[in-house]
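Labels run A, B, C and D following the written order; every chain starts at residue 1.
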């Protein structure tokens, strides 16, 4: 190898990572072992290699000992490979004369026997030392970043991200599946813990989106295809027909009046079926855009073709209504994308013992959000389905959260919105309100104070997971009521509490279509199904796919402030890329050694990105290194070994294999 | 005076001897240029004649065939001692060759296979005062360079006349090629294949055939017709004689210098261009390859990473 | 003639629950569903065994399953919910914990058998519609509360939904029996507590009876001999315990269906009832049946 | 076979799913056996059959290839290439007297930290049952007759 790279002088650095590594791997022994390996001129161990003294150590040694290869045995390359490469660069060495050995995540943290863990670490270091000798100097490529941004999802996260970017002068495509933006927040009346009116803070932002020159808003639309790579994504958006032209419609809503269906018959999704709408409707008064939608499922014209189409007449010469409208497909190019696809609430029918769907007076929290909402189906009056005013209300916490049988995670917002609803219900009805909780979780600014406030308002709190909501009664006092059976773990006995109304604090779960979205954007999901961030602490809004960022509840349950903060962060990450103008790509691309290529074309069909093409006149294959994403599939497939991959050369991998097995 | 050369055969079929004669009248130039001191198949020299010579007094020894008996080992070592250059001549010497497939079994296995219960002659026997000792049959077959250091390799089963004459050219006058060189082009034979332009870019084979199972189109890429043709992985220089005969390349010219395990690489490549993403379908496609080792290591098992079948 | 279901009666159906067996056999005959009682069957391993020595319990269950396998059955009917649960649980555990299978040879093969409860068989193999078609006698009785007990639906919700089963309601509904919305349909019947901690067991059964009555039911239909016995046998004691005087017939769903499909009264085991005999008289007596026959 | 036999496994993990799963196992402090040593590749599609053969030849008792679940490949379809090669390779290995269990292809997503434990611990157990791949002494004897 030395003939290829001149005399190889390797420096090996073993990191203690405090006790994280040193406790399970004998770092001294490891360093001594490394010192004796071929081409190693220097081997050190140090407490924290990633710290700046640690990095200085490397830089200094490169100068003092003419090191031309560096191996660091510490944590996962996914965490600090970049850090150390930069250190090499500063030290005047090509950053790719470096290899990292993962002896923390994949050794000290997963093994208990110190001798064995150390043996394994030695093998891995030995492999790295052999490998790094073959490393070549490489240059990073640069990819220009298209300044436009795609934001998927028009809830508060998407709205905030879109506005932030637009205000920074970037053009944003905001794609929302529903007929209006606003998401879940638009359904709320008040927000905890400040009890300020959700509409008052949300609707201005919604209309700002609509009117912003830098935002292209596509509601009733879905992303159906994503091609390309960071900086240059080609996105296909399917725009479902709403049968009312957004540009021609003035939002007068006369068509709704004019509809031949005089009274509304269709269950209204926005109010979760608590009210009815017409076949032509607007989701809610403050909807954005202020443009009605025709529902082909229920519109007579669509069903029979024999409607007087009074709506069209009412629209008159505005000609906004076109019942023959068809779906449109838009093609756009963006450099980055922010996923803000949100969550869905847990389906209370999955916990039949709480009687949702069986007893009419069992509600989900979201239904009650609509009930207490001034612009909701009851204009803010909290009444039972039979119109009665509830005298006693029970709020069941953790429905579909913290439960082996449904979801293990805490949904984070339920405790607080339950407190909010308890307050609002008491305020509106004067009813006696019981909260049934496992633990009260109020870790947020002003949260605990709000909890105290509710205690002072004489809202009851019973600590215990509710066993069931039932209608079987012991005595007359329970007649006609719903009985909540629960073990009161503070009082230490089982209680039966008769109430008029039960509110199920359903948790947050990943949207049913999260897997499709994930594949569309080539990102990962965590085990519970929420999108996976690149690093839980250091890259919470990034994904493993460059240029794709996360905001809001699609990443994990969170409240509005956290969502907005994350949306801002995602926007900032996108801006950082855009304003840099380019992104540096990993040089681990493939390339064809043309004199060795026999032109068999095996490689051509290997590449899903069409990065390999066949040059007829020289009868050789060639790799377009910009399109190449560096998977190496073509390298393995090349029958005559004529394709090579930077950083994953055959020589390097064979050396690594021999290394790990060197003392087998 | 003319350089002394020796020819010798170890475990081989004799085809490589033929290959020298395949030079036709060209062989006369060779004969004219050199002084042949040893060639069991053609000339009556004895082993003792070689032993009598001074070390290094032979310019070049051309040894074909694999090493699989103690006597072949002795001869190889003897010729190595007496020669300046040793050339591994032909696939068997270079890679182990067809005899190398014996590494799927053992000496005992082979004898049982061949003689059944007929019994095999004992290693020692005497006849009116003469004692004869049969050489030991090794359990494994070896390429020549596992037995002795080899200076040059000439690929092919057998090497083509062109390759052979080029070889003499290269070795008889200065400057000599790089030590350890394989005396053939260092790219795959697809490049020279007359049908190369008929190889489609999108190849998705949905089944494999054996030669006897399919009437082959004379001028279409053979791999594209569903036969595991190893042309893409095999060193060029053979003159595509098999292709011309409408037979797939079976890889006798062995690997180019850019791969380490010929069969592994060839398998890796061919397995990449098939149809199917589910196990069941994939297995159906591969049913047509009844003997993977025989298909991908036909000439190179002893020089592969695994060298031989694992002992039970 | 379809090939018969393997039939595992278990101890109850030969003892306290004999009315269950009588009516079950009669009903399945009416429906041309042949049953073949398992030869040389043994205790299913439920209750006492299961809580003293699980492995022995599994072995007992496994032997029965192995017998069924040997007899060439693919399905095994277990009318008693306790038997049903133990057999099913044994299969499940053999699946999940190879250790158990190792402990007992039978377990290896016992997974092949499909353990089924008659209620689920009638519901899925026939279904309410086809049963309605075979209706012979029109219901003249009162409203019935369908009580499923806990073991048939939990943890294996295969015979019906785990928290609010409905199949008995639907089957009885199909033959014109009005059922009430009974929230306690899977609550504990007292189980073996009536034998050990009598007062507690009694309390539990009393809750079931009172709530049924409150919902307007005049009888309770069951799918399990233990539930039936608990609800049926101790009503007289409750009379003493509380002021209330429950005297409610506790029937097997097979008795009601059998009657509705024209089963011979004597063969349906009505006379074995302890409580609510008057009501049973009224609802199922012979002369009434003849009258109906005459009416048709 | 000696009881103290510790199998050696060379594990080729793809950078985006299985390697991350192994990292996750670490951050979750999931404990598993130390017999597998990871060689990171960008995609299971990069795993050349030669790598596997090399590992076996150099003394590995088992080889584990870890990739993304079908349909989830970070490079869209590299894992399918890996699957195809694996299916044919194991037949070749069978001919060479190497049991199927010694070469394992597993789909492990970035979220499945515990799956890494399960797979590796299982494989170690299996290999302990199978014993060393190279019964050193007599096999060496075979291959060194000429040396």
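For the reader, a short list of remarks on this structure follows.
In this section, a residue touches a chain if its C-beta (ideal position, glycine included) is under 8 Å from a C-beta of that chain, and two chains touch if they have at least 3 such contacts.
Because the structure is predicted, anything quoted here is derived from the model rather than measured.
Common neighbours of chain B and chain D, listed by label, are A.
For the interfaces A-C and A-D, the C-beta contact count is higher for A-D. Mean C-alpha position of chain A lies 50 Å from that of chain C. One inter-chain figure worth recording: chain B and chain C are separated by 78 Å, centre to centre, where each centre is the mean of the chain's CA atoms. Separating the CA-averaged centres of chain A and chain D is a span of 32 Å. Centre to centre, using the average C-alpha position, chain A and chain B are separated by 58 Å.
Shared interface positions of chain C, defined as residues touching 2 or more other chains, are absent. Listed for chain D are residues 48-50, 54, 77, 81, 85, each touching two or more other chains. In chain B, the residues touching two or more other chains are 259-260, 265, 268, 270, 272. Interface residues of chain A, counted against chain D in their complex, comprise 76-78, 102, 104-107, 109-113, 116-117, 119-120, 123-124, 127, 519, 522, 524-527, 532, 544-545, 588, 606, 608, 629-633, 635-637, 645, 648, 650, 653-654, 656-658, 660-661, 664.
By the touch criterion stated above, chain A contacts chain C in their complex at residues 352-353, 358, 470-473. Residues 593, 595-602, 604-606, 614, 619, 633, 636-642, 650, 654 of chain A are the ones touching chain B in the complex. Within the complex formed with chain A, the residues of chain D that make contact are 8, 10, 16-17, 19-20, 22-23, 25-27, 29-34, 37-43, 45-51, 54-55, 58-60, 71-72, 74-78, 81, 85, 109-112, 117.
If you check the complex, the residues on chain B that touch chain A are 186-191, 196, 199-204, 230-233, 236, 256, 258-260, 265-266, 268-270, 272-273.
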